[in-house]
Amino acid sequence: MKWDREKFLNSIGFLLLAACFAYSLVKIAQRRSAEQDKSVTTIRFAHWQLEAGTKAALDAVAAEYIKKHPKVKIDQILIPERVFATWLTTRLVGGNPPDLVALGFGITDDRMARYFTPLSEEVVKPNPHNAGTALEDVPWRDTFIDGLASAPGLFNLFEYYGIPCSMVTTRLYYNAPLFEKVTGSKVPPATYEELTEVFEAVRVYNEKGGNLVAIAGSKYNSPVLMNALFAAQTQKLNLELDRRRVMRFAGAPYPAFFDGSFDLFSPAIRSALELSREIGKNMPQGFLSLAREDATFSFVQQRSLMIATGSWDVQSLRQESSFEVAAIRFPLPSRQNPQYGAYTLGPGSEAETGGAVNFGLTRDAPNPEAALDFLKYLTSIEGNRIFSEKSNWLPSIVSVPVPEAIAPFAPVSEGYPSGFILEWTGGPEVKRIYENAFHRLVRPDGGVDQFLEYFEPRYAQAMVLDMELTIKNGLRTLSMQDTTWIALRALEQGGDPRSGAKAASLQEVQAIGENSYYSRRYDLDEFEKKRKTAK
Amino acid sequence: MSAKPTAKRVKSEWPKHLVVLLLLGIELLPFYMMLQISVKNNAEFLNHPWLPLPPAGWHWSNLVEGFQLIFPYIANTVFVAVLGTVCTLFLAILGAYFFARYKMPFSNFFWAFFLFLMLMPGVANIVPLFSLLKSMSLLNSLWTLVLLAVAGGQVFNIYVLRNFIEDIPKDLFEAAEMDGASHFKQIINVVIPMSGSIIGTLAILSFIGQWNDFLMPLLLMRDKELFTLGVGLIYLDGEYIKQWGKIMAAFLVASAPLLIMFLFTMKLFVRGLGGAALKG
Amino acid sequence: MSRPISIRKALLEWRLYLFIIPSILFVGTFSYFPAISAVYHSFFDWQGGDSKQFIGLANFKKIGGDTVLWASFGTIGILVVANVFKLIPSILMAVLIHRLKSDKWQYWYRVLLVVPMIVPGLVTLFIWKFFFDPNIGVLNQVLDATGLKSLLVMVDSFFKWGIFQDGMPVAWLSDPNLILPSLIIWGFPWIGAVGVLIYLSGLQAIGTEIYEAAELDGAGSWQQFLHIEFPLIMTQVRLSLVLMIIGTLQGFGLQMLLLGTSGGPEGRGMVPGLWMFNKAFVAGEFGYACAVGILLFVFILGLTYLNNKYVRVDK
Amino acid sequence: MIRGTRNFLALTVLLWVGTVTMQAEPAVSEKSATTVISAAQQAWDDAAKLLINDANRKFQEAGAMPGVESREIELGEATTLLSVQPKTGSNIARAETLLKKIIAENGSDETAITAKYLLARIPQIHLVVRDEKLADERFTTLIEEHPAHPLAQTALVKRGLIRMYSLTDPATLAERYAVAAKESGNLTGPDARRDYFLLLSDVSIKTSKPPEVTLGHLFEVEKAGNLRDRALADLYVQIAEFARVAGQHDVVVLYYTKFTGRFKRDSRRYYIEEKLAALRSGGVAP
């Protein structure tokens, strides 16, 4: 009897499985590839912006576009960041990419040139979707806030490959009602000095039984704020080291380190490290092992008063929070600050904020004309306004008003050239030892000296390795440019003036690149010679 | 099939149960967490991460949403997982039998061929594979996923199975051979019954692997209609503010069919095949 | 071990080759790309994109001076040794289950073992991170509640480690000295469901009469384990050992998720696999990463060989 | 893949049509020449778009056509071979052979001059083991044989880099800089002149020359012209800042005014405007 029951149960299992399988077979057999309606054009575009509201906003733009073009269908393809590069590579190599692709992950200059259509001839024509507006006769390029100055591909390939539909900035968000409760004031901190008062208020609040972290931290969010403060501390140092006097960050500490005019004991670096430590104290302990979603979660659940992140998170944070979320620029030490004021110029300028979410048109696009037209609509006054309002992302087009909800995110041009962070003084090796040493800076019993004790002895070797890598990569670019340049010259002699212009630009770029390649090699050799004789 | 108890051993039974249950309890903690978080929202989860909510406060909507997310992919997933698992194991058993039965000429060479692949850590480069599949016109088809599952599963499964088949007493094979059984018959009558439970374990592993895989479907399928449920799950995982309740609910819904299926088929793997037929 | 066979017999048994050919074809066609590509690219200066330059053995020469890589082999060595011990609980669990008199319970325990396998790794990771969290984590709460913390602090002040201090939560994943211990504690009590199932499959071969005979001889349960059960599952133990060694040496997912691509504080969590990943995806030196991969391959091959040679199966 | 095949098919059809028409009617034989030229144009176009391997294949196919004057095709093949992926020593060696052949056939036409330029570039940056001494010699030959040609002018810049940084004759960078500064008169082409003075300005800074010297080089760069926006912005700032160090305050005002007039969206703008206001109100720039 028992045997039978067992047998029965066993067969139920397999019958179930067989039934499921049969069902799936039937389902799969029934599915015919969707009837291709020839009169309907499907535009596909792909990106990785999974933040709340972005998909809906782009769908809203698409819906508005379809109202005007009923014979068009628009398909939005969302691919998560961590697989985007792989996904895109296979699509491009396989020759079946979507029409429009967000440029970023998995894109290099040669891929861009190979798989995307240059839009240089398009950007000088007015955008037809701006007809009847003030921008009616303005070339498409000049309707962008940054004039497409930072368009992908422009710097090395001398063509426009990507069209941005937004811009991004970073801010310090805070929980407004909680802020008032903790500090007793509605006015957010404008300077670092005021921020320390907030820290103090949080401490008092916790003493009275609260359980609040001042700033939510994670390996993603913490550097956003810390780097901004660090870079403000090194503004004057950067100008001192900048012997070429270009007055911006152009890798000055790199050669300065090799000729001995820069080391880690510079008072500005110490001060910047000290400041990082102060900030770190007000983040949860062990924040370096927390992830982005942990910090966001802590903020949304009111365990943290503030969080530093980009404008891309504003919609998610507002949607998930039961309280009012406000945002301010990073509160920096003022020039009057007795401890930190001596090294800073003031808040960094955001004048060069470039376009973000750049869409490129693929060469193998099934519907290039339709897709280009949709892209033009997305970056017209009307389309970009819809996008910006629905997503709470900044617009990229000049006369589109910044929605009131994101007014604090609009780039501020009044500010000073930025300094640098330690990771920028080198490459991957410096970054690695910096990350290895960082816990010494922020842990309760750590400090600047403990940090330097580990970091400094390893710094020279890391700089050498990074310099070697930079030189190697520089050489690779230079040698590739030779072929392109000769080809452009040949085309120019064949009677193509545009190629001539590009050849001239490439010659300039190669000259500047080769200058720095040789100069770096020289610096490194001299440094190694010095090291050898020192030994 | 297993040891029959003697009077002595019966007495000391309960401490064993206790230890096993304790260990299993810890092992099952993730499952418990998945269950109880799946009906919470983020605030509830944060305030009471460990304890379940009273049933009245459950957010059934999480499970409903999870179901809506998973359901469209079920048919494809079952298709790929079932076919993938069956074919993988079928070929792997044949292969393992080849290695385990005799030391055939070249068998060492073939073995090295497999071992090399298993030991070599590759910097994943999927593009050549993609180009190959494209040139074979294998893109955008569920059969390709089955094919890749079979190819990807061979090395590991053959490696494990070989060890087990080698352990089967040789006289069993010889007896079968005397009766005039072909090699295929020997596999059916000797190998499968004798290694039923390891085959079952491998089948479960392979099935789960197919069930949750997201990369290959995402890369190889152009049509959304051909995705399997792993693809649905990564969208949840990729979001920047995690809705833990919804994520757990989706995971739960996604693994429920597996659970039901295993509950019903385990018996076969555990003893249905192994016991009766050939007890030495 | 498989039996040697004479050529003549082998010719008669030619049909056996039909059994292996499909697998070979499948693997050769679809699975061999990463391995071949790694070998090929280890001779190139390659950034992972379309452009690469042939540089002969330069990548391999560079390995010699790579202090980070060699240090990472030390770390992985410790982890491998720790993982050998972490195999024990699964073996004990399998033996315990096997010795249960009731078929029914045995069956249900096996079913319960399968359940954790279907829980996605993300959930487990999530729980363990919660466990180790310095501020709200369970581990620190347990240490505090049981008074173990004060014991640790006492030991600490005696040895002057500076790791455990009063009034300061233990920073499990951000103190360099605790990285390896944390990685080793991870997964406690280290029951691998697959491992237990595999051992159980091996134990099935034990007939009742063996136990009876043993008991007549007056063997205690420890002796039974040593003389009956353990020898019988040697094949499975060796199998687990090989799979564990391969998995540990190639693995780096946990380290990367918890500590990032730099190996965490003072790089104590840097393992060869993670270094390979770092070189490829952070520094863009894919060619070098491939060369590191080959070195790792040779290393694993050596260990597998030793394992096969010295962990003997005698029955 | 498919695109490659399509191109290949198109080319085959073209060649076939070309061959057939040539055989049928000798009168239109120029047509085949045009076909070859357009094939070459297409290949150059691919190379300019970084489709190096495609370009190289097209050149090879065009080169295989019978009865075609092949110097340009050979040059194209050699040029692309330098960057064909994967980059190998044998490709570079083949490119070198081709270039030498082109030069041997006729040493003075445009194709040969380009070949000479590339021949010098090979030991400079294309070989894994560089030989900059050889590169220097080859550049020198090119410069002596065709002093006014734009490529010879560019060669002066590239050779300048080698002599400045790599060769140790004279021994110190400062001495080498002095030699190079004296030779700047040889530069007549505007682009090459610009690049040469960019080099001189960098080295003058490296060797701590007085700001007036650097300023002189920077003015030369500006005079030569043809800088793109980003580099031009840097140049204006550099001129103004070195002038500030040199105490030439009207130059500072002039170049800062030029800068603010032209570069609206630059992170230095606000700071520079602040400095300008201070200068104009009679103070000293901070």
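Think of it as A, B, C and D in the order they're written, each chain with its own count starting at 1.
Everything that follows uses one rule, which is that contacts are C-beta pairs under 8 Å (C-beta built on N, C-alpha and C of every residue); 3 or more make two chains touch, one makes a residue touch a chain.
These figures come from a predicted structure and were not determined experimentally.
Trainee: Counting one step for each move to a touching chain, how far apart are chain A and chain D?
Mentor: Between chain A and chain D, the shortest chain-hopping route counts 1.
Trainee: Does A-B or A-C have the larger number of C-beta pairs in contact?
Mentor: The greater number of contacts lies at A-B.
Trainee: Taking each chain's centre as the average of its Cα atoms, which chain lies closest to the overall Cα centroid?
Mentor: Checking distances from each chain centre to the full centroid gives A.
Trainee: Go ahead and note the Å separation of the Cα centroids belonging to chain A and chain B.
Mentor: That pair's centroid distance is 39 Å.
Trainee: How far is the middle of chain B from the middle of chain D, if each middle is the mean of its Cα atoms, in Å?
Mentor: Taking the mean C-alpha position of each chain, the two centres sit 59 Å apart.
Trainee: Please compute the C-alpha centroid of chain A, do the same for chain C, then give the distance between them in whole Å.
Mentor: 36
Trainee: If you average the CA atoms of chain B and of chain C, how far apart do the two points sit, in angstrom?
Mentor: Averaging C-alpha atoms per chain gives centres 19 Å apart.
Trainee: Two or more other chains touching the same residue: where does that happen in chain B?
Mentor: Those would be 131, 134, 237, 263, 266-267.
Trainee: Which chain A residues reach two or more other chains?
Mentor: 95, 110, 114, 480 - these are the residues of chain A that touch more than one other chain.
Trainee: What are the residues of chain C that contact at least two other chains?
Mentor: If we look for residues of chain C contacting two or more partner chains, we find 50-51, 53.
Trainee: Under the touch definition given earlier, write down the residues of chain B that touch chain C in their complex.
Mentor: 1-6, 8-10, 13, 16-17, 19-20, 23-24, 26-31, 33-34, 49, 91-92, 94-95, 97-105, 107, 110, 113-125, 128-129, 132, 147-148, 150-152, 154-155, 158-160, 163-164, 166-167, 170, 183, 195, 197-198, 201, 204-205, 208, 212, 233, 237, 244, 247-248, 251, 255, 258-259, 262-263, 266-267, 270-271, 274, 279-280
Trainee: Using the touch rule from the top, collect the residues of chain C that touch chain A in their complex.
Mentor: By the definition above, chain C touches chain A via 45, 47, 49-51, 53, 68, 129, 132-135, 162, 165, 168-169, 171-176, 258-267, 278, 282-285.
Trainee: Per the contact definition, I'd like the list of chain A residues that touch chain C in the complex.
Mentor: 108, 110-111, 114, 219, 284-286, 288-289, 427-429, 431-433, 435-440, 443-445, 454, 469, 472-473, 476, 480
Trainee: Can you tell me which positions in chain C touch chain B when the two form their complex?
Mentor: Residue positions touching the partner: 1-5, 7, 9-10, 13, 15-17, 19-20, 22-24, 26-35, 37-39, 41, 48, 89, 93, 96-101, 103, 105-107, 109-120, 122-124, 126-127, 130, 188-189, 191, 193-194, 197-198, 200-208, 211-212, 215, 235-236, 238-239, 243, 246, 249-250, 273, 276, 280, 286, 289-290, 293-294, 296-297, 300-301, 304.
Trainee: In their complex, what parts of chain B are in touch with chain A?
Mentor: 42-43, 46, 74-79, 82, 126-127, 130-131, 134, 139, 142, 214-215, 218-220, 222-223, 225, 234-235, 237-242, 257, 260-261, 263-268, 272
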